[in-house]
Each structure stands twice: as structure tokens, then as C-alpha cells.
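Each remark here refers to the structure printed beneath this line.
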Amino acid sequence: MTTTHPESDVILEVKDLQKHFPTRTSGIIRRASDPVKAVDGISFTVRRGETLGLVGESGCGKSTAGRTMLQLLEPTGGSIHYNGRDITGAHGNDLRKLRTEMQMVFQDPYGSLNPRQTIGTIVAAPFDIQGITPKGGVKAEVQSLMERVGLNPEHYNRYPHEFSGGQRQRIGIARAVALRPKLIVCDEPVSALDVSIQAQVVNLLEDLQAEYDLTYVFVAHDLSVIRHISDRVAVMYLGKFMEVADRDELYSNPLHPYTQALLSAVPIPDPRKENKRERILLKGDLPSPINPPSGCVFHTRCPRFREELSDTERKRCTTEIPLVQKIGDHEVACHFAGPSKVEVL
Amino acid sequence: MFAYIVRRVAAGMVMILAMSLVTMVLFFASPVDPARYTCGKNCTPELLEQNRKALGYDQPVLSYWVDFTKGIFVGSEFPKDPALKKSAPETIADCPAPCLGYSPQSSRPVRDIIVEKLPVSASLAIAAFIMWMIAGVGLGIVAALRKGTLVDRAIVGSALVFYAFPTFFIGLGLYVFLALKWGIVPVPAYTSIADGGVGLWLQGLLLPALTLALVYIAGYIRLTRAFVLEAKGEDYLRTAQAKGLKSGRILFKHTLRGALTPIATVAGLDLGGLLGGTIITEQVFNYDGLGRTAVMAATTYDLPVTVGIVLVAATFVITANIVVDVLYAVIDPRVKYS
Amino acid sequence: MSSRKRTTALAALGVASVLGVSACGGGGTTGGTTSGSNAAGGAQKGGTIYWLTKRPAEHMDPQRTYIGRDIFNQQRLVYRGLLQFPSGKSGADAIVPIPDVATDAGKSEDGGKKWTFTIKDGVKWEDGKPTTCEDFKYGFSRNFATDVLTGGPSIYPLNYLPSVAKAYKGPYLKTGQDVYDKAVTCNGNVLTFNFEKPWADFPQAVAGLNFAAPFRQDKDQGDKNNFVIFSNGPYKAQGGKWTKGTGATFVRNDQYDPKTDGNRQANPDKFVFTEGLTNEIITQRLIADGGNDKYAITDRSIPPAFYNQITGAVEKRATNVPSPYTFYILPNFNKMKNLKVRQALAMSTDRSGYINALGGAKAATLAKSLVAPDLPGYKENPAFTMPPAGDPAAAKKLLQEAGVAMPYPITYTYQGGTPTSDNAAAALKSGWDKAGFSVKLAPLTDTYYDVIQNPANNSFDVTEGGWGADYPSIFTVLPALFDSRINLTGKSNGQDYGNYKNPEAEKIMDEAAAAPNQDAANAKWQQLDEFLGKDVAYIPNYIQNFYFLHGSGVGNYNQNPAVSMFPDLGVISVNKS
Amino acid sequence: MSTWVPTEGTSEALLSVRDLKVTFPTEDGLVKAVDGLTFDLNAGETLGIVGESGSGKSVTSQAIMGLHRGTRAKVEGSIGFEGRDLLKLEDEELRVMRGRDIAMIFQDPLSALHPYYTVGNQIVEAYKIHHGKTSKSAARAHVIDMLERVGIPNPQKRIDQYPHEFSGGMRQRAMIAMALVNNPRLVIADEPTTALDVTVQAQILDLLMDLQKEMNSAIIIITHDLGVVAEMADKIMVMYGGKAVEGGTADQTFYSAEHPYTWGLLQSMPRIDRERLERLQPIPGNPPSLISPPSGCAFHPRCAYRDDENLGCSTIVPEFDVQDWHPVRCLIPAPKRKAIFDTEIRTPSS
């Protein structure tokens, strides 16, 4: 296990992370059977101050990955180093201390706020839990936080239901940044919001990142938002990374057939361009994460596999798990990585 | 599914045995000496000791429970006195498996008592169940369809009145006014079908079942109304409407199917709970069912009968739970047990 | 049932909700009431009488039955014994034993130690077989099987045959059968009891309890018999048994020959007993008087809440008579050792306040002795001269004379938990407090008997009790409650809750028990009662009243001491309109 | 395309909505969910209605279907369909048209399908109600055919499965099959792909367009996603606070948008097809209350170009001139709007 110096620019190093959810057999005596492999061996680093976008369709394991790296879920395998320190399996006091540095913003701003607590109490909770009293007292600090995220500090004593969706997400953000963490995992923070509000929250997150020197892992299914906010983007499919690259590189020159299909599917708000685009349509449905396809997990739906490869090449896809290979600035898990034949965007 | 049922039944049996132990431990821990209740008037310490022995309470609770549990599986006999059995076998009560014990206060095996009282409680529960299901669900649907109107308010309001009154008052009120003062119905008394035919059986059930039903009707009206209203807000009803279906079809095929599923669950559990006896109604109407017998057993410290009825009632509740869960899988194709 | 627990509970629960339990004869000068349009003798035959009650019968086995109500209903309907009390008589006449299956009232020899009876011919069991001397001998033997047949009044036969009781364990185990066979013998149809001590009022005991009832050996199944009814009387049980919690229906027994009897009128064709009803429902049904309830009777008193509805035509169907149950207050002699203090307590006891709390004059009658007025030998206890409401001033004087510090602290422990019992206790406290006591009320529920029967527990100074005679003899009252030799065992104080132990009193008891005839015995009992009164071993409180309703179609309705003041089924009839 | 709608009485469009108003009484006051909507739609045409939550776009579709009948909502104006005013029809007349002439596709196919009945049961029911004489087996055969047309593999087997046994995309296909089973003239698709993943969304949009060509149906697609309308719509109506604020062809809306709210939408969306340039430009504030909307122009509190003094944005209610060829509900003079768009608003193709 390589250890990174605390002062290095890698804040989080994840190696071969796995999260499997157990299932049981039917029958009178229920034995454990094949687990759901929600996250199945992903490795990546997050650099200090950057935003890593984690994108994929529902069921690909991106949210589970986000929660597991924060130890909200216990990993089944692999390791997580934070600032060079192995935090895999941290619990109790260690974990509580880690929470001052690693926080999470959730998708559903209403569901993650206790409806019986005032905003003041909710935002102050991290201080209570950690037993920290900020300078000037908790209330003053909370009110200044509220102001910072664009809430009226006079609304300190109001309840979540008195706020709109966008405001609730601001409350969630205020709570997350209260302890000045270093790393925040944002799990679909804007997908429940209307377009005009979504932009407000995205901007707020960017401003806070600059101001507090935050590092984000931004989990989302919206490829446009990911492109806007991320420095690097990882594309997930069935618990594995398909492709990781710098933002613009990934969007302008995707090398993995899945990335290509994904990007080509997004409609562009530009009718003329849209009319000229050719879609790479994926056939069929997402396979089960309990019994993922052999070899490359994507091969069952892969257009390249279907249309471009010879039988011997296909054999490789169905039997051999593709290793992550470096192609230019890309890390791609595909035996036959390469640019798409059609323009995807 | 079969495996699921087997697992649930096994878990239920373990729970029932645990409940019997808990009941016995509580009983043995009570400061009251049950032997006093059987000893007679001029009781002496020696007689008291003999009574305690005859009752079986001279042994520790655990061995009492082991005896009891053994009886369930292999049967038992009372009293367990080899000398007595040798010299006077005719005095030994045989209690074949599943033996639920022997009540010294009733001088017969508990199972016989339960077999005798169960039809009374079951008749009452089922008759009441039919009444409240028809009236409660029917009125609930009407109230939901007429939501906000006078009809709705009248139904919900009058249901609340019955809901607010204790069963005892409703029962006594019906008894005194309908049967005694005005003589509209005969004084209720339980007559088994074997003794009096279906007519007398139903006649006897009328008031007590109505009492019990009135208590439940309110809940079912509210429940049905709420579920129908909830179902009416479901997207799939909008779909049904958008398809151009007629309102009757929308109501019966689409709305009620969704709304009544949870009602079926609650109803099954309620019925299961009632089959084990309805204490207040049975007492008010002097129905010699499991509920009244249980109260009598508890007040006379008749442990075997108490335990027996507790277990039978628990069995009904547990069975109802299993049946309801299985039924749910039948009604709702999304539910699968493995 | 008729444990002392239940009996004493009467006091705490108050008259209205009290259970009519405890065996009893009666006798003497007061009670007896008859109503209904038909005078005795001219009663109509046929119809059905409905007996409505609350408390289920606990035994139908004659040897195990100890509740007065059940004993006399059994006697009048299904179990014929050696002797019986006459039907439909009142006062002292009601408790003179008369022959039933025996040809006469029994002959005693050897100063009351040997009793012989001759068995009549023609008294048949319901299966047509004759009731024989052997049936009586076998029935009596069952009293010794105390481990199988619990709950009955076997204490009496065992008391008069102590050495038999040691050797003989009843007809099931059969150990010591030879000893028993010598004590009770059959010679043809002559039945002889050879007691080890004189039993002067044995006939009263035989008529007042069922321990000497005959029993068919071939029908005996021990405990399993408990609710089986095998009749030799005018009726038999439908299905041959009583159903606990439900009751039973009695129909005519075609094997019964009224010529062998002459006492039971057996007017109705049918009796239907329904148990498990509440007092309120019973009262409401009887007030309404509808349908079959026109022919209904009960052993449950009208609850005070209904008193104002007992007017007009309903009032004509109500009867109010003193029951055989007397309630008393008693000092704990382990604590209240000073006679003057006990006298002060008696002097300041507000009995009228107590009775008012119970529901007033309809619910209870002031008691003038622990002995019930119906018992032979009853006399007002001259020691208790205080007014019904007590005399706190006089009591205060007594307390001062006692030379104790005032206020004198006492704890009154009673079976509480009901408003009635708490109000009654409050009335006592108020009277005693006025006299210079400082009363702490200690209501107990489940643990009541654990406290007052524990001789080592001195947490109470005063408590209360209730008692009814087992058969018409003061022997079944005063010694049962105050003879330390049978009560105080170290582990328990039995019925002697006050831990009373006085050799002088016990000497009088022995003299009374050994008296050759009843008159001599009664004189001694009166002397004993007065002695106990002077010693303030107890303070008589009240006699519970029976306030019963019966239906308008009931004829020959009669309550008398022969049947413990319950409705007498030997004379009752149905008025057909 | 000429004007937004033709002059009074001359519309020969398939669907001709005039001054549609939908109000709901609530405890807090009267909600004006739709406030004076006018538009036309021809056969084979697709209208995209764009707006955020609360803009009234879904209520509009339900009003056309007559789904507000029997509720406390009040619907006014007129909805002409093939020359008949749907609002004046008897309940039974309208019921017969539902599903047969006008069909609807809902946002969440899982909740829009009854969980207790098989997919086939529900589609056969939709067919049989309007084809009473058809035998069961014929209806079933027709439905299997329909399932095949919407791209559901193995329809003979799938027809007997329950909705929960379908994937999200397959469910929406089934929903489309149900909507199109009677060859309706008008299909209303209310956020048909919002609940779906992008790759599935692409499949569904493709399918809708193919089927439209085949059947020559008119489609109203309701969405908040400008990308979806860019792909689907011939003309677009942007709604804000229950009112149309801009209407025109797809080109007009994307390449010469004139309403500040439309600008806001275009500016605030991150773009997948572009390198990130700068911060997003969100529309400040929150959507308006429908009970007490802002005075004057409903958008003025959030509008960057408001001019209360000279234009009276906070006092004068701007009109939506349906006789215009590109109606815009804005008080800013048209030349100035064009100038702002050209200079300040990033055009999609830039």
C-alpha cells in the first residue's frame, strides 16, 4: 500500500473499492447467496481542490460509491486513504473526527432534514455532535452560515417545510460546510430542483469551493451538470469505472463505447444541431448487478461489440475482464477503446 | 413461498412456547397464592399445601413449563400420581397430545374447555366481522366518493360517536334498550347451531355482534375512506380515466382493488385478534366464549386455562399474520416471499 | 368456592357487589319471606324457573361443595341425603332437621359419639338403582381423600375422626381402609357413625352441608366428577353435568318417587341456571320483567345505583332480608394489648357511617353479635352497648383512662380498591380520630391475606372480617375464628386474624363442645360470646342484607334460613297466567 | 407558420385552445393554475410546452383531457377539437373521446400503470372500451402487435407480465402502446422521459417520433428540458406562472428568443455540448405565487431587464398577442428585445 504524504495534492485515494450487499437464498433454511455487487472494484484518486464527477445511469453504483468512500457504508473490500491515512473501516471516535473533514450533501433536500427541527438546530447539529463551540457562539456562527448560503438569518427558527426546494438544499449545504470540511461528497444535489434553481445551487457550490478550498466528489446522472462542475469525470457502469478523464477531454473525445453512447443520448437544446445528430442507441436493459455479464460487463449492450468487432475480438470481450488502461489522458476499461465513428456531441 | 410459510410457522411456534413461559413466570411471580382459591372455607396450612400440590404449583416454574410443553407434544395425564393411577385409574384424566394442561378449577382438560368455548367466540367474531366489513367498507366508500358533502360528514361523524363510546356502554345500551326496555329483539343468549339451528344462533348473535361491529365500523369507515381517497389520487387512476373507462369500472376495478388491499390486511389481523375471544362483549352479553372464560380464569387464578387461552389467542393472531402476508402476495403481484 | 378469602372480601366489597358464598344454615327468630300469589300447598305444577347469577358454581360434587347457595340447590333438586331442612318454613322451624333418605332424624348414643340412621327403601338414583347404606358409607369416605377432592367441608368429619384421618386417605388410595370400615359401618340398611368425640349437632351438620351425601362408587371418577351430577332427587341435570361458566338445565327425574319424600314440592318442570351475568344486567332484566325473565330469580342483591328504580310494581317483587353473613372489626392482639384501648376503639366505631357507605339500611343491618340472629342460641352480645354511630366522647375518656399517649396511632388495614370500601373505611377513621386515635388507612388488594394472616406481620392494628356459619351451630362460628389452637400454627394465623389467644375463652369452647345437648351447649356459647365481647376480641359491625328481585310469574317465592336465605327451590312454582 | 393562431373563428386546427383558464379553490385562496392560454395544433405537428414546476403546463394537459371534471377545479374558455368544444361536451361524450381520440402518456410509468393488473390486461382494457365488439382474442392479438410496434421484445410473453416486472424503459414503451392502441389523433405526453435514464430517454423519444410519422398524430410534449423540445417540437410555448410568455417555432424560440424568462432558461442550463466558459447565470428568486401573483408582469421580480419607470413592468400587465407570429408577453419593445438577445444572450449555436 503506497502512502501519500499528507502535504501531497492527493486528498483521497481509493483502491479497488467494493461494496456488496448480501442476499439470501429462498428455501426453508436461508443461506447467503450471490451478493448485489453495487460497487465492484473501483480505484481513483481525488486531488485537493478539484471536483471529481461521478456519472452513470441509475443502478450503476455511483451513489453507493459516494457513501462508501465516506464510510457511511462499510466497504466490502478495498481501501480508502484520506490525506495518506488509511481510514478503511474507521469507526467510533475516529469516524466522528473524520466527519469534521468529510461531509455529504444529499439529493432529497426535504428527506434529509428532520421536519421537527428548526433550521437553526439542523445547521447547528454538527457542532453539537462534535462538541465544538465556534467563536462567537453557535447561533452567531449558524446565522453567518445561513447568510453565506443565501438564506435569511432571521429564518433561524423556521422549519424545513416553510422553505422551497432550493432553499432546503441551501440548508443541507450550510450543514455540510458548517465544520469547514475538506471534502464533500455531493449526491445528486441538484437533480430534484427546477432548472432556474439548479443553476443557483451549482453556483453556490462553486463559490463555496473557492472560498473554503473544498474538494468535491460530485455524483450525478446529469451529464450537462457534471460537465459544468467537474474537473475530472468518471463514468460508471454496473459497479465499475468505464472511463476516467479530464472533463473536456472526456466530453470531446470519449474513448469508451459506453461513454460515447451516453453522451450521444443527451438531447441538446439546439434544434438545428439536434436534427443533424446521429444517436448511438443502446439496446436492451441494464443487466442485474447480482449476475453481471462475464468479461466486460458492458458487452451485452455494447454497440461496438455488436457492430464493429470480429468473432475472435468478441470472444475477448465476453471472457476477459478489461483492465484499466491509460490512453492519452484517459483511463479506459475497454479492450477496444477508441474514438467513436459518429460525432457524439 | 412454501419455504416462507414453513419458516413463519416455525417462528410462530417458538414464539407461542416463549409466551407460555412468560405467562407462567408472571403467574408464579405473583404474590397471590392460587391454592387459597381452591382450598375452601376452613382452610388449614396442611390443606393449603395439598391444594397447591393438586394444582401443580408446588414445583418450580421451569419444570411446570417443561411438563406443559411436553404435554403439547406427547400428551399428559392428571394428576401425575403413580400410586393413585395404580389404585384408582378411573380418577386419572387422560389428556392426549396436543395437551394444553388440565384445569383443576374446572376439573377437565383445558383443550376441552377451549373446544367448547371457541365456537362461541368464533361465531361472535365472524358475525361481527361480516357486519362491520359490509357496513364499514360500504359506508367508507360512499363517504370517500361524496367527500366533503353532508353525506360524508354524516357518515364519518356518526361513526365517530360509536368510536368514542366504550364497548361496554354500546353493548349495555343495546342490551338494555333494544332487548329489555323496548323488547325489539329477544334477550340475547348464545345458542349453538346444533342446539337451536341457524335461526336461533343468528338471533342470539344479533346484538353482541352488532355491538362489536359498531366499535369496529368507525375504524373501517375511516380507513376505507382514507384508502379510497388515497387510491383516487394515484396516477394509475388518472390513467384509467384517460383511457376513457366508465366511472363504475374505474371505481370497482381500479380504485377499490388498490384501496381494499390494505383493508384486507387490517381486517385479517382484526379477525385473528377477535377469534381468541372478545372480553367485554362476551361479558356484557354473557356469551360463554374464550374472552369471558379467560377473564374468569384470570380472576380465579386458573393458570392452565389462562395459558391455554393466551396460546390459542396468540395462535390466531400469529396465523392471521401469516395468512394476511400470504394473502398480500396473492393480491399484490409485486409482493414475493422467498 | 367459599374460602375465607372470599367471605371476608364481602366486607371490603360492600353488600351490593358481594358474592353469595359460604355455607350456612340458619335458624332462630328473624328471617323468612314469602311472596307470590300462590300460598304454599296450592302451587301450580309445571313451567320453568330461571336462576340468574354471577359467580359460577365451583363444585357439583356433593362432598366438595361448600357454598350455601349450591349446597341447598343441590339438596332441593338432585342430591338427597340422610336429613334435610324443611321447605318453606320460616324462623327456627326452618332449621329443624327432618328425615330425607333416613327414616328418622338419627339416634345418638354414647353422649353424641355414636349416630345411627336407617335407610329408606324406594329412594332411587336416576338410573333406577336404589340408594343404599353402602352409598352413604362410600360418600362419607370421600371426605378423607383431601388430596384429590379439594375445597369441601371435610374439616368436620376429619375433626370428629382424627385417628381415622391419620390412617385413611380416602377410597382411591385405600390405605387404612380397615380403620375406616370400623368407624363407619353398614349393617343392612342401618348406617352407623362411630365418632371419636361427641358431635351433638351432627344432624344439623348433615342437613346443612352435603359431606354426608351418598355417592355411587361405580360412578366415582375422582376430580373428573367435579361437575358431574348423578341424581337421586326430583330433578336431574340435562347432559348429566353442570357446565362451568354457563350453568345447567334441570329436568324431572322419572326415577324420583315423591312418596319417599314429602318435603320437596318440586313444582316446576324445569330449572335453568345461567351463571356469569353481571349484577347490573340481572337487576335490569328483573326490573324489565320481559319474556322468560318473568320466571327468573336470583341470588344477587340489587346494586345501590338501582335503589331508586325499585318502586311501584317492581318494589312488590323485591325482598329485603338479613343474610347469614356477619361482618366484624377486630383488633390485632399482638399490638393492641391494652383492654381500655380496645374498649375505646369499640366505643368510637361508627357503624352507621359504615353502613351508609355500603348503601344504607337496604344494604346492611346493624350487627349486635358476631353470631347471626338465625342461629340457635343467638343472643345480643351485652358487651357492646355503644350507639350505632359510636360515642367518641366516652371513647376518649376510656383512652385517657388507659394512660396512653394521645393521639394514639393505629393502622387500619382493609381490602380496598373500590370507592365503597374506601368510603366505609373513611367513616371508621373519622369516628376513631374523634376519640383520640390517629388512624392510618392501609387499603390492600392482592396482598391483603398475606398481611393479615401472617402472624409475624404486625403492620396493622385493626382489620376486618366476615363470617357465616357452616351449619346451624355457633360451633362453626366462634371457635373457627378465635380458637388459637386450631388457627395459630406459626406459619399462619388461620381465621384468627387478630392473633387472639385466651386460655379462658378456649376453656369455655371446650365445655360447649363437650356439652351433651344443644341447650347446654348454647348456654356456653352465649357465655363465650359475652367473654369475647368484654375482651373486645371483635366488634360486631353489620349483617349483609339480601335485596333480591324476582319475576312476576314466580309463585311460592320463599327465602328462609333452611336455605341460607336464598330462594327456596323446594317450594317455588311458576304462575301460569 | 403565420401568426400564433389565426383570426377569430377561422381555425381549422385539430386542437384549438382559446383563453383557457383553470382555477382551484384552496384554503389559502384561488389558485390560478392556468390563466388565459391560447394555441392551435395541427395534425402531425408537435407542440412543446416548456416551463418549470407550477407553470401550469401539466394542468393544461389535464384540462384538455377533461380530467378536472368532477373535481373542484373550474375550467373556462374553450378547447376546440375537430370543431367541437370539449368543455361543452357531456361527460359521456367526452369519455368516449378519451383514449380514442386523445390519449395521454404520463411521466412516471410505474405509478401510472396499475400495479395489480398485467400490462396486457390494462392495454386490452384501453382497446376494448372503444372497440366493444372486438373479441377478446382479437383485442389481445392487436395489443401484442402494438407491443411489438413500440419495441417490446417477446410481446407474447410480456403481455402477461405485471408492470413491476418491466424495466423503466419497457414500462414507458408499454405506456405508449396503451396510449396509441386506438390510433388517437392527439397524444399528450406529460414529461414522458423525466423519470428515465438518458440512454432510455433517447430510445423513447425516437420511438415517439417514429410512431407520430406512422400515425400522423399531433403531439403535445410537456417538459422542463429544453433539449427534449429541441429534438421533438415543431413549435414551442414557454409558460410561466400559468401564462404563456413566449410562443413560436422551435427556431424562433432557440435562435431568436425574446422573453427574458426564455433567456433565463437558456442561460441557466449547463451545456453538454460546450466547453465550460463561465458561471451559470441563474434566474434569481423563486417562481411566483399562483394565488397572489406579482402585479404587472408576473416575471418582473426576477427579470434582469425590468424597467419600472419607463415601461411599467411592475404595474402594467403585458399582453400575449396571439395574432403575432412570435408572440412575447413582455413590455420591452421588440427591437430592444432583439438587440439584447443578439448582444447579451449566448445563442445556442455560438
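Read from first to last, the chains carry the letters A, B, C and D; within each, the first residue is number 1.
What we mean here is this: a residue touches a chain if its C-beta (ideal position, glycine included) is under 8 Å from a C-beta of that chain, and two chains touch if they have at least 3 such contacts.
Model, not experiment: these values are computed from the prediction.
When the interfaces A-B and A-D are ranked by how many C-beta pairs touch across them, A-D comes first. Comparing chain C-alpha centroids with the centroid of the full set of protein C-alpha atoms picks out B as the closest.
Chain centres here are Cα means. That of chain A falls 53 Å from that of chain B.
Chain centres here are Cα averages; for chain A and chain D they lie 32 Å apart. Between the Cα centres of chain C and chain D there is a gap of 91 Å.
Between chain A and chain C the centroid-to-centroid distance comes to 87 Å (mean Cα coordinates, whole Å).
On chain B, the positions that touch chain D within their shared complex are 234-236, 238-246, 249, 253-254, 257-258, 261, 331-334. Contact residues on chain B toward chain A in their complex (touch as defined above): 3-4, 6-7, 338. Taken in their complex, chain B has these residues touching chain C: 30-33, 36-45, 47, 50-51, 53-54, 78-79, 83-84, 87-88, 90-93, 104-108, 116-117, 172, 175-176, 180-181, 183, 186-187, 189, 283-284, 286, 288, 292-293, 296, 300. Per the touch definition, chain A reaches chain D in the complex via residues 57-58, 164, 166, 194-200, 202-203, 206, 221, 223-225, 227-229, 247-248, 251-252, 261-274, 279, 281-282, 285-286, 345.
The part of chain D that touches chain B in the complex is made up of residues 62, 65, 67, 95-100, 103-104, 106, 108, 111-117, 122, 125-126, 129-130, 162, 164, 178.
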